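Look at the two complexes coming up: chain A is in both, with chain B in one and chain C in the other.
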Partner chain A sequence: MEQVLANGIYLGAQYAMIALGLTLIFALMNVLNFAHGQMYVIGGFVTYTIYGQLGLPYIVALLASCVTLAVLGALIERFLFAPVIKGSAREESTMLLAAGIAFLLDALILLIFGEKQRGVPKIVNGVLNWDFRIIMPYDRILICGLAIFSIVAFIAFMQFSRTGRALRALAQDRTAAQLMGVNVDRYSTIGFALGAMLAGLVGGLLVTITGINLGMGGPTSIKAFMMVMIGGAGVISGAIAGGFILGFMEAIGLAVLSQYGDITYLVIFISLMIFLAIRPQGLMGKPWG
Partner chain B sequence: MKRRTLVKSALAATALVALQSTAVFAGNPVLKIGFVGVTSGPAAAWGISNQRSMETRAAWINETGGYKIGNTTYDIKIVSFDDQKDPKRSIAGMDKMAQEGIHYVVGPNTDDGAEAVRPVAEANGIMYFPYAFSKSLYTPPASNAVLAMVANYQSGPAIYKYLKEKKGVKTVAFVAANESDPLSQRTSGVAAAKALGLKVVSDNVTYQPDTTDFTPVLTPVIRQRPDLLVLSGVSPAHAPQLIRSARELGYQGLISTETAQDAQVLREGAGDLANGFISVGGASTPELASDAMKEFVKRYTKMFGEYNDESNTKVYALEYILATLAANPKAINDVKEFQKTMDTFEAPNPFMKGNAKLTYVGTTSFTQKRQIAVPLVVNTFENGAFKTLFVATVD
Partner chain C sequence: MNGVTSKQLIGFGIFLLAIFVGVPIVIAATGRWDFYFTLTSVALLSIASAGVWLTFYIGRINIGQGAFALIGAYVSAILVAKAGVSFWISLLVAGLFAAVVSVLIGLPILRLRGVYFAMITLVLTQVVTLVALALPITNGAKGITSIPLPGGISLLGLQILPPFDSMADTKLAFYIMASILMVLTYLALWRLVNSRLGHICRSMQQNEELASSIGVNIAYIRIIIFAISSFFGGIGGALFGSISQSVYPSSFQVTDSVNFMLNCFLGGLGYVFGPMLGTLTLYFGWDLLFTLGKYQLLVYSVLLILVIRFLPNGLLSLRLGKLGKGGGK
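Take a look at the complex of A and B:
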């Protein structure tokens, strides 16, 4: 049982990190960013190149992942999403654009980083073994701690900084925020960059545990959407809750249901369908959007 | 006026490019060989190593004057189609090959893709060389598919027998991705282990193909403390993570798979934790590689920047197609002639040291010769590189 709880916390922390960036972008711009998983993959590959290939310190690689994705996110918002949002009132326009960007990034990742699975040296060696009740490598504990710290830092940033307040105002009511003097274009770019940066950060963190390959983008986006739907689209606390709920469901399912075959995700998807039928707005979302 | 000049310039440039293109192939007629397989998405590594092996070998052949079949010397052109691991797209790919008049195709990479293209291939006179293990593809009445590697139901028993006799393995556990190929490989692996008298302590744990953390998956398996953990049909992307998770959970036993792996991927993803990992490979270990194999690796690395050890087995399909056509030039447009030649075909294996031969096998498994004789090289990973554990043959 202790192992299941430990696995749940670990999976939940990484899932919550992945969902945060996606829900932030959705909240600010009403854009379902299908390329979020690919951004996560690029973050992993940047860390792989700088830490694994060039041998620079891990923290430098992690910062490089964040900066690269923030810049990439800002460019994508400024030159792709912003013109489309201004030119088309139809939501499917941005959805198609996001899907196109996902395909483009997949192709670029293949060209630049190749098709192979990549991994980096462990950042901490050793395994915590508490009387065989909890077995957890130290690097996972560290990454879990860093993920939780990042989530707390992000919440604090959104709560107490001037930029964070502007972003929240934008998410609540774009027109009202504009009337109050918030530079909507500028903060949309900052918000998208921040969401992409979170994807890069989690990619850089998890490459030390799971490695990275070009095929991880699509499935990561799907999981992130699930978490966002569980918690409520566009709600930061909802994404965190969704991440931990999915993490615990997966950990418990794998421990309890493994003897019946791979039915964990079947059970999760059925539960999600029933849940959404009862509460389509998710745990913390508002029925009116 | 300006517009007319622009049009003239464009026409002149187009004509020049066309002339140059013709000049490239002016020396030899072109023989097109197809590839239909997965070169994008999570399983891209499987198909890309196929495609790049073919392109490397074709470029090598063309650079050295072409390939002589009968009285004609051909330049080889590889026509590729990404089926995205989707059987519907595999069919579209095989249709494309038929439209281009191609009679010899390498791929698809999966059981369902290979099954799906069978009617198209048989209707259009195409011989295809899948990397799929389903026996129905190669057993009569099926006629046009040729297994391009060693199947797990051939390598598995050999590996388990070796480990039982040499390493004292008594208990075994199986883990597989929840996909058709790994699951079918697990089923035949379990049967082979039981036939050898091994005790199967776990055979129902599976994982989603998009799993990134295997600790929760492996926890119940490791609790059974098997002597041997078999990663059925494991992809190169998952192998290092599974190994790493198993070792970090304290597992001390042996780990093996019947699929080909890449040394660099294991080195980066699992490091020393992968030491002792047993997998199936081709003939690139120093003990076995011929000068031609070393040259192939060198050229592949030069063309694509990095070699993929999966190509040790994937270099063979194109070689078999060309060598068989050379043995019977009438087969170039007639697969019935190709099939006739397969029964008696034999040629030196250029990629292995010694007297190894290229020949078609499979009579034992499929009641007809519908498999290329790739050497069954079982490797063990030690300190960043593969070492040959033992070599066996298949029929």
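Take a look at the complex of A and C:
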């Protein structure tokens, strides 16, 4: 039981970070970022290249992942999303753009990094063994700690910094924020860059444990969508709750349902659909987002 | 039909002539027999895309058509391969079965709107794939293979259509069959959009509460529309299974659901024939870019992004002609 809980916390922390980036972008721009999983994969590959190939310290690689994705996110917002949002009759057109960007990033990953599964050397060795009740490698504990630290830092940034306050105002009401003198265009770019950066950071963290490959993008996006739906689209606390709920469901499901075959995700999907039928806006979302 | 101008009739005639006479001549002249398979796929995928377009018409973003296409493909495959039912009956049953499933699923989820509906339909595709992997009747990951070709149709001892395996050119037969069904689908869609139901749908697209306040039974209408949409999905899927003679859980995945949606967006959501054009452009474009090898996806995605960047309201917003404009004339 303790093992299942520990696995749940570990999975939940990383899932929550993925969902945070997605929900931030959604809250600010009303864009469903299909390319979020691909951004995560790019983050993983950047860390792989710098830490695994060039042998530089892990923290440098992690920072490089963040910076690369932040720049990429800012460029995508400035030159693609912003003009399309202004020029299209229906705001759903951004979904087509997001899907196109997902294809583009997939193509770039394929050309630059190839299609092979890549892994990096362990950052710390050894396994924590607490009386055979919890068995967990030290690197997983470290990654989990880093993930939780990043989540706390992100919340603090959103709560207490000037930029964070502007972003929250933007998410609440775009027009009102503009009337209060918030530079809407600039903060949209910053927000998108921040969301993309979170995806890159998770990629950089997880490449040390699961490795990374081209095919991980799509499934990651779907999982992120599910977490956002559980918690409520565009709500920061909801994304964190959704991440931990999905993490625990997966950990418990794998422990309890494994005797019936590979049906954990089927059960999760079906219970999600039932949940959404009863509470369409998720746990903490505004009705009709 | 009401309000058909002679110009539209001529346009429609040219279109029919092009797909039933023009295409076979061009293919025979150039010798690119593989285009038959491509164009057949375009035809059946645009049937499924028509369904997605219809759900857009009531203001719902549907990324779940892959689910209903997969259901249709499996129903038809199981009926034909395991129960020995005629393909033509199984085609109808596949569509109806998908429609019934969509009513059951639609009752709770059609209350959702916007991105919530979009995301849950996306999840739905994943659910159906996983169900197909888990159920014994669908044969798991191995799928159902070597499905027999469609048989003939005879009515009162009179043979209307010979069995497909007795025909000299199966590819051409499949192409003609898929094209006829596609034309029928879009005629039905066009008729529906220009009917009273179509007007109601447009009012719902703009504001559901307002439509409801003037006495439109919105819950009923959206179930009906979703069922019709899924019926098209089921038909498209069943055709796909019959043409490729095999169905796997991976036949229709999340990517396919997203592609169905992209077809509608690319063609333009305000135009009945938009999804057909979108499917043709996306699928054919992808096929033509095959010669680029590993740069295929790169060029394809860049083109896609450029189109949406500079024509955010779809290809037909270039006003290639007023034929097929969904709104009032």
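In the analysis below, the second predicted complex is superposed on the first by the 287 of 289 C-alpha atoms of A that agree within 3 Å, B and C clash if a C-alpha of one lies under 4 Å from a C-alpha of the other, contacts with A are read in each partner's own complex, and residues count from 1 in each chain.
Just so it is clear, contacts are C-beta pairs under 8 Å (C-beta built on N, C-alpha and C of every residue); 3 or more make two chains touch, one makes a residue touch a chain.
Keep in mind that this is a model prediction, so the values were computed, not measured.
Enquirer: Identify the partner contact of A:24: answer first if only chain B is touched, second if only chain C is, both if each is, neither if none is.
Expert: neither
Enquirer: One more residue to check, A:276. First (chain B), second (chain C), both or neither?
Expert: Touch partner of A:276: chain C, not chain B.
Enquirer: Check whether A:52 is in contact with chain B, with chain C, with both or with neither, and answer first, second, both or neither.
Expert: A:52: touches chain B, not chain C.
Enquirer: Touching A:171 in the superposition: chain B (first), chain C (second), both, neither?
Expert: Once the two structures are laid over each other on A, A:171 reaches no partner at all.
Enquirer: Could you look at A:83 and tell me whether it touches chain B, chain C, both or neither (first, second, both, neither)?
Expert: A:83: touches chain C, not chain B.
Enquirer: Taking the superposition on A as described, I'd like to know which of chain B and chain C A:100 touches: first, second, both or neither.
Expert: Second partner only.
Enquirer: Identify the partner contact of A:228: answer first if only chain B is touched, second if only chain C is, both if each is, neither if none is.
Expert: So A:228 only meets chain C here.
Enquirer: Pick one for A:121: touches chain B only (first), chain C only (second), both, or neither.
Expert: Only chain B is touched by A:121; chain C is not.
Enquirer: A:7 contacts which: chain B (first), chain C (second), both, neither?
Expert: first
Enquirer: Shared contact residues on chain A, chain B side and chain C side combined as an intersection?
Expert: 106, 110, 218, 222, 261-262, 265
Enquirer: Going by the contact rule at the top, pick out the chain A residues touching chain B in the complex.
Expert: 3-4, 7, 10-11, 14, 52, 106, 110, 114-122, 127, 129, 132, 135-137, 140, 206, 209-211, 213-216, 218-220, 222-223, 250-251, 254-255, 258-262, 264-265
Enquirer: For the complex, which residues does chain B have touching chain A?
Expert: Touch list, chain B to chain A: 39-45, 48-49, 178, 204-210, 212-213, 215-217, 219-220, 236-238, 240-241, 248-250, 262, 264-265, 268-271, 305-306, 308.
Enquirer: Where on chain A is chain C touching in the complex?
Expert: 26, 30, 32, 34, 80, 83-84, 87-90, 92-93, 95-97, 99-101, 103-104, 106-108, 110-111, 218, 222, 225-226, 228-229, 233, 261-263, 265-266, 269-270, 272-274, 276-277, 280-282, 288-289
Enquirer: Applying the document's contact rule, which stretches of chain C touch chain A when the two form their complex?
Expert: Residues in contact with chain A: 61, 105, 108-109, 111-116, 118-120, 122-124, 126-127, 130-131, 133-134, 254-255, 258, 261-262, 265-266, 269-270, 294-295, 297-298, 300-302, 304-305, 308-309, 312-313.
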